[in-house]
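Labels run A, B, C and D following the written order; every chain starts at residue 1.
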Amino acid sequence: MLSSTLRTPVPRLARPLLARQYSSSAPTIGFIGLGQMGYNMATHLCTKSQSPFVDTVAKFQDENANATAASSPADLADKASVIVTVLPESAHVRSVYLGNNGVRDGLRKNTLCIDSSTIDTSVSIDVSRQLIGLGARAVDAPISGGIMGAKAGTLTFMVGSENAQDYDAAKVYLERMGKNVVRCGDLGAGQAAKICNNLLLAISMVGTAEALNLGVRLGLDPSVLAGIINTSSGRCWSSDTSNPVPDVLPNAPSTNGYNGGFKSKLMLKDLGLVANAAKDSKTPLMLGGLVESIYRHLSNQGDMAEKDFSVVYKWLAESQK
Amino acid sequence: MLSSTLRTPVPRLARPLLARQYSSSAPTIGFIGLGQMGYNMATHLCTKSQSPFVDTVAKFQDENANATAASSPADLADKASVIVTVLPESAHVRSVYLGNNGVRDGLRKNTLCIDSSTIDTSVSIDVSRQLIGLGARAVDAPISGGIMGAKAGTLTFMVGSENAQDYDAAKVYLERMGKNVVRCGDLGAGQAAKICNNLLLAISMVGTAEALNLGVRLGLDPSVLAGIINTSSGRCWSSDTSNPVPDVLPNAPSTNGYNGGFKSKLMLKDLGLVANAAKDSKTPLMLGGLVESIYRHLSNQGDMAEKDFSVVYKWLAESQK
Amino acid sequence: MLSSTLRTPVPRLARPLLARQYSSSAPTIGFIGLGQMGYNMATHLCTKSQSPFVDTVAKFQDENANATAASSPADLADKASVIVTVLPESAHVRSVYLGNNGVRDGLRKNTLCIDSSTIDTSVSIDVSRQLIGLGARAVDAPISGGIMGAKAGTLTFMVGSENAQDYDAAKVYLERMGKNVVRCGDLGAGQAAKICNNLLLAISMVGTAEALNLGVRLGLDPSVLAGIINTSSGRCWSSDTSNPVPDVLPNAPSTNGYNGGFKSKLMLKDLGLVANAAKDSKTPLMLGGLVESIYRHLSNQGDMAEKDFSVVYKWLAESQK
Amino acid sequence: MLSSTLRTPVPRLARPLLARQYSSSAPTIGFIGLGQMGYNMATHLCTKSQSPFVDTVAKFQDENANATAASSPADLADKASVIVTVLPESAHVRSVYLGNNGVRDGLRKNTLCIDSSTIDTSVSIDVSRQLIGLGARAVDAPISGGIMGAKAGTLTFMVGSENAQDYDAAKVYLERMGKNVVRCGDLGAGQAAKICNNLLLAISMVGTAEALNLGVRLGLDPSVLAGIINTSSGRCWSSDTSNPVPDVLPNAPSTNGYNGGFKSKLMLKDLGLVANAAKDSKTPLMLGGLVESIYRHLSNQGDMAEKDFSVVYKWLAESQK
């Protein structure tokens, strides 16, 4: 059903029929931020929901029969009772929700606002509280899983909410876009969990690159060494699932010229969120600060910013001349 | 059989009987380095081998019927055709094998020398080559698994050898002391694999401590956060098997006052071997250098040197006043 | 004159007489931010200027005959043609100038706004540009020299301005509060120069602490070693002027229990500004990131946050148990 | 006198005449290690001493009338009562003094051994103690000042000695090769002072590079910023004497394509000595470890290992694409 919808846009005259399928109680869903991630997520949500859907991208409306246009976040908020946003940075989230002609200007009572952007924990909490103060419900639900997961509908959502009811309400919609939804705690907890995981991910990846590079320099076969590490105390996702040394794992980005995967510039962005959260909470980071420095440095080298973040192995090893 | 042997020493007069059981071709095994690790390993090897065994510790001879005394490494080498050593540092390995009254002075042709110490890769290679030059066979086989593994006989051995035959020959004996024996490559490869794994282990542990400490400071429940990380891209042994936050895992050293496990001072020793190998091979380490600095710093704080290396969480978090 | 003024407040009736001394063309000076730094600076500026002075602190008005009260930044801006501000953080500068009842609301054409706060370069530039857009003149002029320098009137001002005229206009007033005024470049250049100096200062101080601690651990007399360094290529302000080892220099904060001087928490604040500027400009920092981590860590240890930043020596050396 | 000697080798027949000038009491000086540094030092020492001189380089003997050949360190020790050595690494010092046919084999009672190599503090102490045990006198006297200083005879010597008499005895000869001789303490203290200074030097240089690079990225003129730093608390040798940004200082290596000066590979060698000393003394280094990592990394980039160590600015800034 989904795939056919995607292949051949439903003719416009078919719409009334589809519309009739909606149960009278079907909520209208609004979606803002149809970028690479968002477009795939919105497609899952729209087709699986079979309820009125509002967004701001004509192409999406052409491809999804039950999707209609909103002229602005305010207009969208006026039409929808559930709003999902997937935006690049803190400033976008603030302006889409609270700026001129933003969601706030059209917000209805009890509307459920689900922000799946990865942004500053402090900004996420602030925006959610303001929306709640205006009579809406708000949760933060950042994503893990990347574009592949968005296409496959297998994303993980880390959710922060004021209470269990808001979490349960959001879960219904998040499960249409992913397969793993977990409540992390109060407002902002989703953001906090996301950046803590990515902090450890970045450290593990650089550490894996250092350990394998040392092994190679000492004459070990990287596949043999990885095999040992993966059954020992050094094992981690960066070694057993996305190994940074080309040809150790056939499907790892490193084997594909460090293409696909999670771009260094995006990891650097998340490490910036980590730095802000650490500063706000007066939390000392040692490796975290250095890893940010390393990704800052390599992101200025050639095209490394656009490569999967496992390219740090190349940054380390290519220097061996 | 093992346990009863340990409980009630076999009376001396029982020895001749036992001795008769040996097949005429049974090689005599020599063992040097009966410390906490070595004693347990030697007990497994001695009892499972049921062949003549030579060592230098009276207590061991009292507890193991087929064990007899050697007066020195040279005397032991004169009696044994298989020699296993488990020693603390490079200098000990060099002197036990090549020093005055060392193994070299009693070495027989084709004796198989298995060094299970964790020492400098360059020293390990040098000593092995000299033994081979003298007509013996030599492999490096450092251990992973700790004292618990030594007692249970579940150690992992990472083996470096000149050829497959020497590896196969050593495997027979190593399997009596552990359950996982893997060939890593040529001479020194066992040492190299061991320190590469421990480098990544140290980095992962400090990274896990930083990520969980940040999460706690941001208001997350460490068990909830660990649960998320363990099913996400941040997962690693340090998070899912030996979590550094007390009470996240019931059996982790952190939950037991950071007792048991792998002492910080031993991790610091291994990181020193990493630093030497990196210097010799001109390999840049970024996180590796910093992690060594951190363990150097905390090893001078109170009793942290004697605690499991996951105590780095305490070093980070206790500062939060 | 200054000192007597400070000792015995001029009776209120004396004011008209003093007032008559003003040349008709004497500009009215407004001052906002009479904290430890600001109060001393304002006293120099007020007494040396002998022109109408406006501020918001009654005590200051009691102690300075030509000082009168302003009810708000807007009221002050309405009365003054030169405004000097010394505020703690970016948010304060933004709200004092551009917030409700802020300077903007009373601003006169061509008023010269001199902000001597140390804040984010990007915020400084933004606020200055907005003030200029409103018809005023604005320069950033952060301070080096500390409270001692503020009392003695020996401060250094690092100035960023749109053009030389604005710099020259500000210089007249800055020279009444300090003895060294230097133009660093365009708007924000003063802030940039200040944080670049303090970045290097922090790195040099931690480096000096590491080098001297290593020397002491190797058996050297810290005074002998400092003497050698101070005539060699390692010499720096942190070694020859504010040595972190107690008793090497009689007047260094370290010799006075790390009291006086520049508090660790203030250095940490400046390193946060460095981190923001580095992120905004995509500039990799290696030592800079680690030094921030170190000051974050020690600022959570006992009372180190309140001690001179040379206390990092204690943080390193006290661990030597 | 020196220069003419260098320009036109003294004809052999001149030797007897020169020889006659020697006071009967003139000690014979032996010199081992006539590399780039040593050759220039030996030339000063030989010509200024006007006493019998023994070495192992024919070219030197051709150029210096009173220099005669020694066939080995042992032969040289047999002829000389003062021995100066300038060797690359710990292993060379150990073998030249204590190896086969080494100094030890020809050593005379009370011979003064002056080792001006920069090597491991622990090795330096060990070799000196063994020589003293054999009846000789020994001091460590590593050098600061580089090849330029060796040619000009303006070197600084950092001396470690058992007592003041040995220091005074060595000073006589060191002053003929340099202009600044300072006693740092007991045996090994010269080595310790040298590496502590170079540790701080390396940290200051990388810190200066980071601070100036940040300033440039923020739009500052590096010369203006350097001028401010050099009169502020950030001032250090790396900023005011060997600034790493090209064209800030006309005579700095950076302005000459990072040629001349102190090669990165030599700084990396000294940082390796620092790491060994820190490990032996259980001293935590934070910036020191990271700076070694940075020089390890850049030393593998193109020809940076051969460039002045201020090239770290290029390593940082060139990445800004």
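Structure notes:
Throughout what follows, contacts are C-beta pairs under 8 Å (C-beta built on N, C-alpha and C of every residue); 3 or more make two chains touch, one makes a residue touch a chain.
Treat the numbers as computed from the prediction; the structure is a model and nothing was measured.
Because chain A and chain C share one sequence, their contact can be compared position by position; here over half of the interface residue numbers appear on both sides. When chain centres are set by their Cα atoms, the one at the greatest distance from chain D is A. Centre-to-centre separation of chain A and chain B, using mean CA positions: 42 Å.
Rounded to whole angstrom, the centroid-to-centroid distance between chain A and chain C, based on C-alpha atoms, equals 42 Å. Computed centre separation for the pair chain B/chain C is 56 angstrom, with centres defined by C-alpha atoms.
Annotation for chain D: residues touching 2 or more other chains are 278, 282-286, 288, 290, 297, 300, 316, 319-320. On chain A, the positions that touch chain C within their shared complex are 272, 275, 278-279, 282-286, 288-290, 292-293, 296-297, 299-300.
Residues 121, 144, 156, 158, 180, 182, 184-186, 188-189, 192-193, 195-201, 203-204, 206-208, 210-215, 217-221, 224-225, 227-229, 231-239, 241-242, 274, 277-278, 281-288, 290-291, 294, 316, 319-320 of chain B are the ones that touch chain A when the two sit in their complex.
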